[in-house]
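Below you'll find the structures, each written out as structure tokens.
In the two assemblies presented below, chain A is common to both, partnered first by chain B and then by chain C.
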Partner chain A sequence: MSKRLLVGVFESEDDTLAAIRASRQRGFKVVDVYAPYAVHGVEEAMGLSPSRLPWVVFALGVLGGGLKVWFEFWTTAVDWPLNVGGKPFNSLPAFVPVTFEVMVLFAAVGAVLSFFFVCGLYPAKRTVLPVAGVTDNRFAVVLEETDSTFEPAEVQKMFENFHAVHVEEQITGEAA
Partner chain B sequence: MAEAAIALRPPLIEGDKSIAQVTHDVCAPMEARPTALWWVALLISSSFLLLGAAAIAYQISVGVGTWGLNRTIGWAFDITNFVFWIGIGHAGTLISAILFLFRQRWRTSVNRAAEAMTIFAVMCAGIFPVIHTGRPWFAYWMFPYPNTRGSLWINFRSPLVWDFFAISTYFTVSAMFWFIGMLPDLATIRDRATAKWRRKLAGLFSLGWNGSYRAWQRYEVVYLMLAGLGTPLVISVHTIVSWDFATAVLPGWHATIFPPYFVAGAIFSGMAMVLTLMIIARKLMRLEDYITIRHIDRMCKLVITTSAIVGLSYGTEFFTALYSGSSYEQFVFLNRALGPLFWGYWTMVGCNVVVPQLLWFRRVRAYVPAVFAICILVNVGMWFERFIIIVTSLSRDFIPANWFHYAPTRVEVATLLGSFGLFFTLFLLFCRFIPVIAVAEVKGVLKYGKPPRESAHE
Partner chain C sequence: MNANDFSFEPKAKLTGRLQALAGIGAATMAAGLFFAPQRIWLNLLLTSYYLLGLALAGMAWIAIQYVSGAHWSTALRRVPEAMAGVLPLGALGIICVLAFRPSLYSWTGGVHVEGDAPGFKLMWLSLPFFRVRAVIYLLGWLGFAWAMLRTSREQDSEGGFSHTRRNTSLAALFLVFFGVTFWLASFDWIMSLEPEWYSTIFGFYNFAGAFLSGLAMLALLLVWLQRHSSMKSVIREEHLHDVGKLLFAFSTFWAYLWFSQYMLIWYANLPEETVYYVRRLHGFWQPLFVLNLVLNWVVPFFTLLPRMNKQKAGILVRVSIVLLAGRWLDLYLMIMPSFSGGKPRIGLWEIGLVAGLVGVFGLGFLRALGRAPLVPLRDPYLAESLHYHA
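== the complex of A and B ==
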């Protein structure tokens, strides 16, 4: 299904933030916002729900740490017990450092991989930019023209009130 | 009001840059032809790298007998270099993770290069234990994997195994942190590249990043998570390195002060190395507006703080030896200060405790050549610290009949020089192919210290 999108291009973060807030106030659907850097406050303005990645990281950290404790216990006390300097086979305190490292490793690698997964980022992916310059010095606010009450000319005027440098309509096969 | 705000919080970036100018200033030197100075620097550092490679090839083919080790001193130059390089790396993580958690936004100008330094330093450090195994082709035996040697597992009680896990985790996490931070900048390079190979290569690694805020939101979360994980990680790494010594019963090593002492020393030496590199990079890549005197000033303050902790640790060690009543412990410390390696001990104290006191003066902190010289001396001093700790304790332990001297051979010195060659070669290549400054992060702090713009609307 094709979608009609209206893209407003801005030069500063203040204008972008104001434009997002105004659009949402008027009930327009903000599909996405593009920015060359992480602008403080955009997620609140867009109404994005907080990311659930911290829970994934926490779960993976617990999993990694837990697996490692079990593995160290199994290798040194069950599978091939070896007397090292008369220490007990199950030397739990001595297992702490490696357990900690493996916990961090699981949590960190998991955080990065799940970030790539949820954002759909992968090597050599074909890049789709809404307009040129969003990785340099332009900010773009993309609205969806949901129904016939959406007046592109009126919205364009609103964007221009916020010093939009350029406003264009785009038709896409899928969400941008 | 606005003037007062500026006086209290001067802008982080000088020259009143626009967003596009930041992109240009950082990317343009990479896109231009390298300067003659860069070629000369690369030639020198890669010559050292070649020397080191030849030395390593020689000692692997002949054996560890090419080193100056003996039955009394089984650990010396290689482990000194290992601890030295690992320590260098720690300042990069301090800047990238700890200062991020403390919301020190001035870090944006230096974090990319500092993280690069971390990764290269850990690479240099990794060389030494691997060649010290004598048979580096069996280095994979460190992995706990099911094997045909009677399913013999590695000894998880050994600090050397802890070290292996700590260093490999540290390297992996630092490399990921660096890459994640670089992702938006790689996209910037891709979108402004004119050369086809550059666009292709940046396109491959930028993973299709397009600045969508849905990705930015998660990016910020992942960055925070990695910083939160990196902070205890970096402290654990040098703690574990210090346990390589502290879990031995040797006087001078067997001390509970070792973990904080080593972590502070690591950050001290690393901060000095960051400053050394930054002073070179800002000149070489013309980034004086981004890495300003104020950045250097703040890093100098970190140097003097950690210098004070290190100095206190030196004193505490003597006090503990005295107070312990152990004659072996007392002898080791007297031997360090007055024994055959007294010159190394006093070089260490001079470079690490006395010289950094100059940084109390604002005028010294603002004079770049002086800061550069002090940082070089700190690095010399910190190298000697590890050498003194390792060699003096081993060379004169409990039984005088065991006492022996140690002197490095030419092969060992060549390996050390080679590690410096590797480090600087990698750093110079980094300066050419990767934006030295975190472009996307610097854009976020451009407004810092500027009066808020009057809005026409609202």
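== the complex of A and C ==
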């Protein structure tokens, strides 16, 4: 399915944030915002819900730690019992440091991989930019033209109130 | 902004209550001298060491902010500064213990010489040298606190960057001095209660505990000042969030060191080392031993794990209270088994001195806080701190 998008290009961070807020106030759907650097407050302006990544990381940490405890127990007490200094085969205190490390490893590497997965990033992925300037000195707000009540000319006027330097319609989809 | 907006005067009712608590502490101490001298002196040692820990954590906080060039916390600096103002009170308690009751340390009745370096141990654990060391530590800390606080006050009237630069140098020197002396002080005052036992990580472990309790106190005081003073407009959610992150991190750091000490001794299994844990893992000591880990790590870790909880004032207050109770228990477990070997005793003597601790800290803190505007008004980094955005 193809989408009709309206892209507003701005020169300053404040204008961009104001344009995002105004768009949401009028009920337009803000698909994405592009900026050359991390802009404070853009998440709140876009009304993004809190990231679910922490839950994934927590689950991976528990999984990594759990697997490691089981593995240490199995190797030293079940499969090939080892007598170390007369301690019981299943000596939990000795397992703690490695369990901790593996938990951190799973959680940290998992966090990065999950982030890439959610963002659809992978090596050699082609960049898709609404306008080339967003890697340099321009900010872009992308709206979706959801229904027939969306009046591009009116929105363009609204964007120009916030000193938009350029507004254009784009059509994306399978063909694009 | 002007200085009058940020002058601070505590309510008479609050001061009255704190005075009552301090009075209870003093009365308990006086009665204890007659009825349970050994126990009350150990409790005084605990209380003074607790106070010193809070004050030095305030100093360490300020020093770390200067040295790392952190600007987000500039607006909050008067709070740890006032915590450092409690330093003389803690020092006084320690001096009383070392001057009037050195017999708390069993080695004063003859050193048990055995092991690797008997000569060194004999020299180190001699009462005159022990006292001289204590004076050096305490005078050093008080000197640094005096110098850094004075520079900060001068900046209030003169403004400019030179004060910040001078305090940054002082802070670097203080951190080095503090790192060595606090480590040695914990060996001297706490570890030598059981002179046959030793653990090289003990000093780091004590630093972690002291700094953690200082952070908890800082969080508590910030929320209180946010609610009851003109700092309401200054302390923002972002500031609390950062203090929450530090609490979370240092709770885990404490647990890391707690376990490091335990695991090495458990692994090596040498009788002269394990005796420390054997004493603390038998009978009624055991539940307290487990509770220590729960209060100082399990509760704070899982409560503060979600991002939102680190930002909420109400949750930070509750976690901080748990941590401050945990710090007391941690010290109780370090100090008391040397005396009441058989079973832990927590009674009126302990409760009385805890009341005294709260009262004395509160009064000392409020007095120090009232001496200067609540916000360092002419610090060049103040504006940055006020507009701090994580």
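To be clear about the criterion, the second predicted complex is superposed on the first by the 173 of 176 C-alpha atoms of A that agree within 3 Å, B and C clash if a C-alpha of one lies under 4 Å from a C-alpha of the other, contacts with A are read in each partner's own complex, and residues count from 1 in each chain.
Criterion: a residue touches a chain if its C-beta (ideal position, glycine included) is under 8 Å from a C-beta of that chain, and two chains touch if they have at least 3 such contacts.
These figures come from a predicted structure and were not determined experimentally.
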Quiz item: Is this a clash or a fit when chain B and chain C both end up on chain A?
Solution: clash
Practice problem: Go through the superposed model and pick first if A:A94 touches only chain B, second if only chain C, both, or neither. | Solution: both
Self-check item: Partner chain in contact with A:P54 - chain B first, chain C second, else both or neither
Solution: both
Quiz item: Thinking of the overlay built on chain A, is A:L143 touched by chain B (first), by chain C (second), by both, or by neither?
Solution: neither
Exercise. Return first, second, both or neither, reflecting whether A:V9 touches chain B, chain C, both chains, or no partner chain.
Key: neither
Practice problem: Quick one: classify A:A111 as touching chain B (first), chain C (second), both or neither. | Solution: first
Practice problem: Check the contacts made with chain A and report whether chain B or chain C touches more of its residues. | Solution: B
Exercise. Classify the contacts of A:L82 with the two partner chains as first (chain B alone), second (chain C alone), both, or neither.
Key: first
Quiz item: Of the two partner chains, chain B (first) and chain C (second), which one does A:D32 touch, if any: first, second, both, or neither?
Solution: first
Quiz item: Hey, which part of chain B ends up inside chain C in the overlay, 55-63, 289-297 or 325-333?
Solution: 325-333
Quiz prompt | chain A residues contacted in one complex by chain B, in the other by chain C | solution = 40, 54, 87, 94, 97
Practice problem: In the complex, go through chain B and note every residue touching chain A. | Solution: 18-20, 23, 144, 150-157, 159, 161-162, 165-166, 169, 172-173, 176, 180, 183-184, 187-188, 190-192, 203-222, 225-226, 229-230, 232-233, 236, 240, 243, 440-441, 443-444, 447, 453, 455-458
Practice problem: Give every residue of chain C touching chain A within the complex, in rising order. | Solution: 259, 262-263, 266-267, 269, 305-308, 389
Quiz item: Where on chain A does chain B make contact in their complex?
Solution: 12-14, 18, 32-40, 42-43, 46, 48, 51, 53-54, 57, 61, 71-72, 75-76, 79-80, 82, 84, 87, 91, 94-95, 97-98, 100-102, 104-105, 107-109, 111-112, 115-116, 118-130, 132-137, 161-163
Quiz prompt | In the complex with chain C, residue positions of chain A that touch it | solution = 40-41, 50, 54, 58, 85, 87, 93-94, 96-97
